[in-house]
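I've put the structures underneath this note.
Paired with chain B in one complex and with chain C in the other, chain A is shared by the two complexes that follow.
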Partner chain A sequence: MPRIRWHIVVFLAPAVLVYTAVMIFPLFNTLRLALYSEVDQARVFVGLQNFRTLFGDPIWSEAFWNALGNNFWFFLIHMLVQNPIGIALAAILSHPRLRFAALYRSAIFIPTILSFVIVGFAWKLILSPIWGIAPSMLDAVGLKSLFAPWLGKEEYALTTLALISVWQFVGIPMMLIYAALLSIPEEILEAGEIDGITGMAAFWKIKLPLILPSIGIISILTFVGNFNAFDLIYAAQGALAGPDFSTDILGTFMYRTFFGFQLQLGDPHMGSAIAGAMFAIILVGVCIYLFGIQTRLRRYQL
Partner chain B sequence: MKTRNALLALMASTCLAGAAAAQDTTITIESWRNDDLALWQEKIIPAFEAANPGIKVKFTPSAPAEYNAVLNSKLDAGSAGDLITCRPFDASLALYEAGHLVDLSDLAAMANFSDVAKSAWQTDDGSATFCVPMASVIHGFIYNKDAFAELGLEVPETEDEFFAVLDAIKEDGTYIPMAMGTNDQWEAATMGYNNIGPNYWKGEEGRLALIKGEQKLTDEAWVAPYATLARWGAYLGDGYEAQTYPDSQNLFTLGRAAIYPAGSWEITGFNALAAFEMGAFKPPVKNAGDTCYISDHTDIAIGLNAASPNMEAAKTFLEWVGSEEFANIYANALPGFFSLSNFDVPMEDPLAQEFVSWRSECESTIRSTYQILSRGTPNLENETWGASVAAIKGTATPEELGQKLQEGLASWYAPQQ
Partner chain C sequence: MHKARTNPINLFAMHGALILYTIIALFPVFVILINSFKTRKAIFREPLALPDADTFSLIGYQTVMKQGDFFLYFQNSLIVTVASLFFVLLFGAMAAFALAEYRFKGNLWMGLYLALGIMIPIRIGTVAILEMMVATGLVNTLWALILVYTAQGLPLAVFILSEFMRQVSDDLKNAGRIDGLSEYTIFFRLVLPLVRPAMATVAVFNMIPIWNDLWFPLILAPAEETKTLTLGSQVFIGQFVTDWNAVLSALSMAILPVLILYVIFSRQLIRGITSGAVK
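Let's turn to the complex of A and B:
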């Protein structure tokens, strides 16, 4: 009979217990809560009725699809703006002849460690049409006419918030890619140079294929982060995610439903149903990545 | 030996001190009025504690926007304070029905309040009152008297005069005619729609007819205020779409705007900040001589947590909240929060006196969306926020807004179906 290695159990226990208590148990309890409803002060089991309401009732489903669509737009902006800029910055930073690289690296990374509340509040002030520096800066270069109260316009608000979030988090892809770039051995690049591949061509033909797995990881981190997003929108626009729900994402929709807002009373059961839908969306997204993309990425032995 | 005696003496004294402290009951108040923290700590609580030795009071407010959510979580978790500051109508009614609030109908102090004052904290049939009413807020417009004098403007009585004044301020260009933004949404509904609206739907008459299902939100009386709000957009500051509530307050108190659509709760803050003289005028009527209606909204009350371990002390406090002494302290320390009690409370603040004087000239009503009509999904109050913003921005016509609100209300409210 194999001996039980008690030290493994003992050392794993704190992490397993804490993680179970604060993550796994609440997750499954929330999913369970979604199957109940409150009738006359009593909790009754209703099966999938909450989900039927969420997707079938025109008022609920309109709010849900609006939030989901906004979420996709939020994610798309991150994929199209944050990640390419992060990769470009990492490529520039890893250039051996760049001076003050450490300074740039820190400066770009610092916003990542700021609280959402600070970022939301600071950007609201910067973009404020009354006190903000954005209108006067644009005025100084003669482009005042380009200024609009972006956070207050239905058509711009979500994009503006997405770009603020990009500003905050561009340091993360940059750091990950930077680390991946540094791990590429010099010999490979030198071998390429002998074959006549230098400069931009070296980046596209040698470095980019080698960092593709890192880009994949960043994409999935962005996906999970964006579909769980809540803080920035709540800090900047409040729980109603104005104007006219144009910045409403699944996180704010769930918060409003779960905890209630102003005269609207909280409904933990519908709120849990939305949380369940969010969980399913993220799960599907991650599975598509893990089984559909990651297994097909070609890896090179360095 | 000596050290042991000293130790014993020390232990005995700690025990005695502990016993003395244990005689004091500490009651905790949950509230969303974090602006009033200093007032409670410096005036209200000392006055109560002086009259009731042995009871200590702690005032623990949370942020207004989070209050309902925080309170509900605390009540469910059993960690809420002994006394609960009550929002009007359904939020508190739900707490009562869930057994979190105690029926206070037999509290002696309840005799000091009229039925209208208590209506916001009663069951639908009026059989149980579960919060002691504290104060109401009145809507109107606060204006910069210096600016009006400088431009030679008169206080408007009718709607035409109101827009003529706005035109004159805009023409002159020194001041932003009106300080309001649509970013936070609620101002547009609370200080816009429900401020000017009662003159259109004739106060209580229209409000109760809507609840009974005799009027619809598509009726002229309910759509017309949106048409008036649509005209406001032109007089708000540049970029009002992204202007927040604190932005508007600052614009006005810094003297950059001439008129501020207000609730009387602003008075204390504005008195502290504004360096100019302020006046107030009531929502303009359509034609000179029309009966005027004001929104005199039952806003705040205080109830007893059913899970409180200090029931007796808390009831003593509630009796005191219903007394004339409290009404005097509260209304004068917080000009703009007008007592709902039957006592005749003299107001020292001229601006507050101006607001409260309308009670004798006009018919009082409360905000149209608060009683019963915001019970379902979609929530009429929240929808009204969005609709008022859309009206001001001009992104939807008044008729479309009325149609949308009516459909939402009819989807769950039987008398409107």
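Let's turn to the complex of A and C:
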């Protein structure tokens, strides 16, 4: 019988207890609650009934697919706009002869530290037709006809919010890629230079392949972040994710279902079912990344 | 490197692109801040003008001070953030030390178990967390938030800190053991001071999401006396939508503390991110 080394237990216990009690246990408990329903004020086991309602009942399934589709669009815009801009900024910033790089870096990161509430309202005011900053600025460059109350129009609102979120978070891919670019040893770039590969060619042919793992990490961080996003939509458009649910994503949908809104009462069990669906989606995404992408990316020993 | 001439036109274009993006990044913040110091008329007449003697007004700030308890909200946010960071760092470092230092059965599994939470957002478990907080009477207390943020921060903290703890020299620890120091003393006196830079990285990483979170304050602690600054400003602005002075001032008051913290910690933050802590 080996003696128990109590100090190991003491060192591990607080973290494991808090983590298990407040994170892991509620996670599984939420998945369990998704299998129950409230009948006559009592909790009754109903099996997969909630999921059948979520995917089968037209009212629920329409809302769910709407939120899921919107969420994918939200994610796609981040991948297509946020990450390329972040990479481009990082590539410029890492140029060795550039002055004031630290200053630019700190300034561009500022939106990332602001809360969604600030960001949501600030943009709401700026884009507001009442205040008129956006229309008068477009007017100054002769594009006033392009202006529309973007946040109020069904066809533009979600894209506008996604772009606001991109504006806020561009600092994160920028910083991570910047770090990755700095870690490329100079000898490699000098070797390329001797072979005549400089400037843009050096970026595409030498640096980009070397930072692919970092781009992979950024993609999965973006994915997980986007699929549990809530705050920005709630701050800018409210829990109803207007106009007419056009900006509804899974986070706001779950919040509304769980807490209720206007006439509908909150339903923790349906809320749990939606949380279960979100969990599955995030799990699939993380697995695709871990087994499909990360293992196939070539890592170069630097 | 790049002794090879950099075309001055290229350099010019690079500065141009960066300046343009910096303006895009800072413009909204700038507009909010300057307009919060103007009269209502001036806000609408010339939104982009700086406040001058004629248009300067603190009416918005007066409304905010009178109507909202921003000092209390600020204090709540501060307590929650500092306490959560303290527990994340203390518990995280202890667990990281156990995983990095000792070989024991289940070490690997324990590490994997604790790492699960890096990728899975804690928000998924909200329904059960709320139920638990109601059952334990912690709802509408700051403890509910501190517990949730501690649990949320631990996985990444353990992961980063154990990487760093593995680099601490064994000779030092063994010397301590020969001198008869207990394992606890070795941890608190010898190892902790050496991983201080990594602790700072973990702290700045956790600080911003905790300070800015809206979801858990909204669900777990929406009572007036436990509102955080983020939730408080959200509710305040929702009530005063039409009072532009008040809204702009409230926004500015929410921006300023974060901005000041950022100016103080930005070096640390940027060094933390670029040191490759997230590899």
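Criterion: the second predicted complex is superposed on the first by the 293 of 302 C-alpha atoms of A that agree within 3 Å, B and C clash if a C-alpha of one lies under 4 Å from a C-alpha of the other, contacts with A are read in each partner's own complex, and residues count from 1 in each chain.
Here is the rule we use: a residue touches a chain if its C-beta (ideal position, glycine included) is under 8 Å from a C-beta of that chain, and two chains touch if they have at least 3 such contacts.
No experiment lies behind these values; they were computed from the predicted model shown.
In the superposed model, A:131 lies in contact with both chain B and chain C. Contact with neither chain B nor chain C is seen for A:192 once the two complexes are overlaid on the shared chain. Of the two partner chains placed by the overlay, only chain B lies in contact with A:149; chain C stays clear of it. When the two complexes are superposed, the chain touching more residues of chain A, out of chain B and chain C, is C. By the document's definition of touching, neither partner reaches A:216: not chain B, not chain C. In the superposition on chain A, A:240 makes contact with chain B only, not with chain C. Looking at the shared chain after the overlay, A:183 reaches chain C, while chain B stays out of its contact range. Applying the stated touch rule to the two superposed structures, the overlap between the chain B and chain C interfaces on chain A comprises residues 131, 259.
Remark: chain A residues 41, 59-60, 124, 127-131, 135, 147-154, 237-240, 242-245, 259-266 touch chain B in the complex. Across the complex, chain C meets chain A through its residues 1-2, 4, 6, 10-11, 14-15, 17-18, 21-22, 24-26, 28-29, 31-32, 43-44, 47-48, 87, 90-92, 94-95, 97-99, 102, 104, 110, 114, 116-117, 119-132, 147-148, 150-152, 154-155, 158, 182-184, 187, 208, 211-215, 218-219, 230, 233-234, 237, 244, 247-248, 251, 254-255, 258-259, 261-262, 266, 269-270, 273-276, 278-279. By the touch rule above, chain A contacts chain C in their complex via residues 5, 7-8, 10-12, 14-16, 18-19, 21-27, 29-30, 33, 85, 88-89, 92-93, 95-98, 100, 102, 104-119, 121-123, 125-126, 131-133, 136, 167, 170, 175-176, 178-179, 182-183, 186, 189-190, 193, 198-199, 217, 220, 224, 228, 230-231, 234-235, 251, 254, 258-259, 268, 271-272, 275, 278-279, 282-283, 286. Chain B contributes residues 65, 68-69, 72-73, 89-91, 94, 97-99, 181-186, 237-244, 247, 250-251, 369-370, 374, 377-379, 381-382, 385-386, 389-390, 393, 395, 408, 411 to its touches with chain A in the complex.
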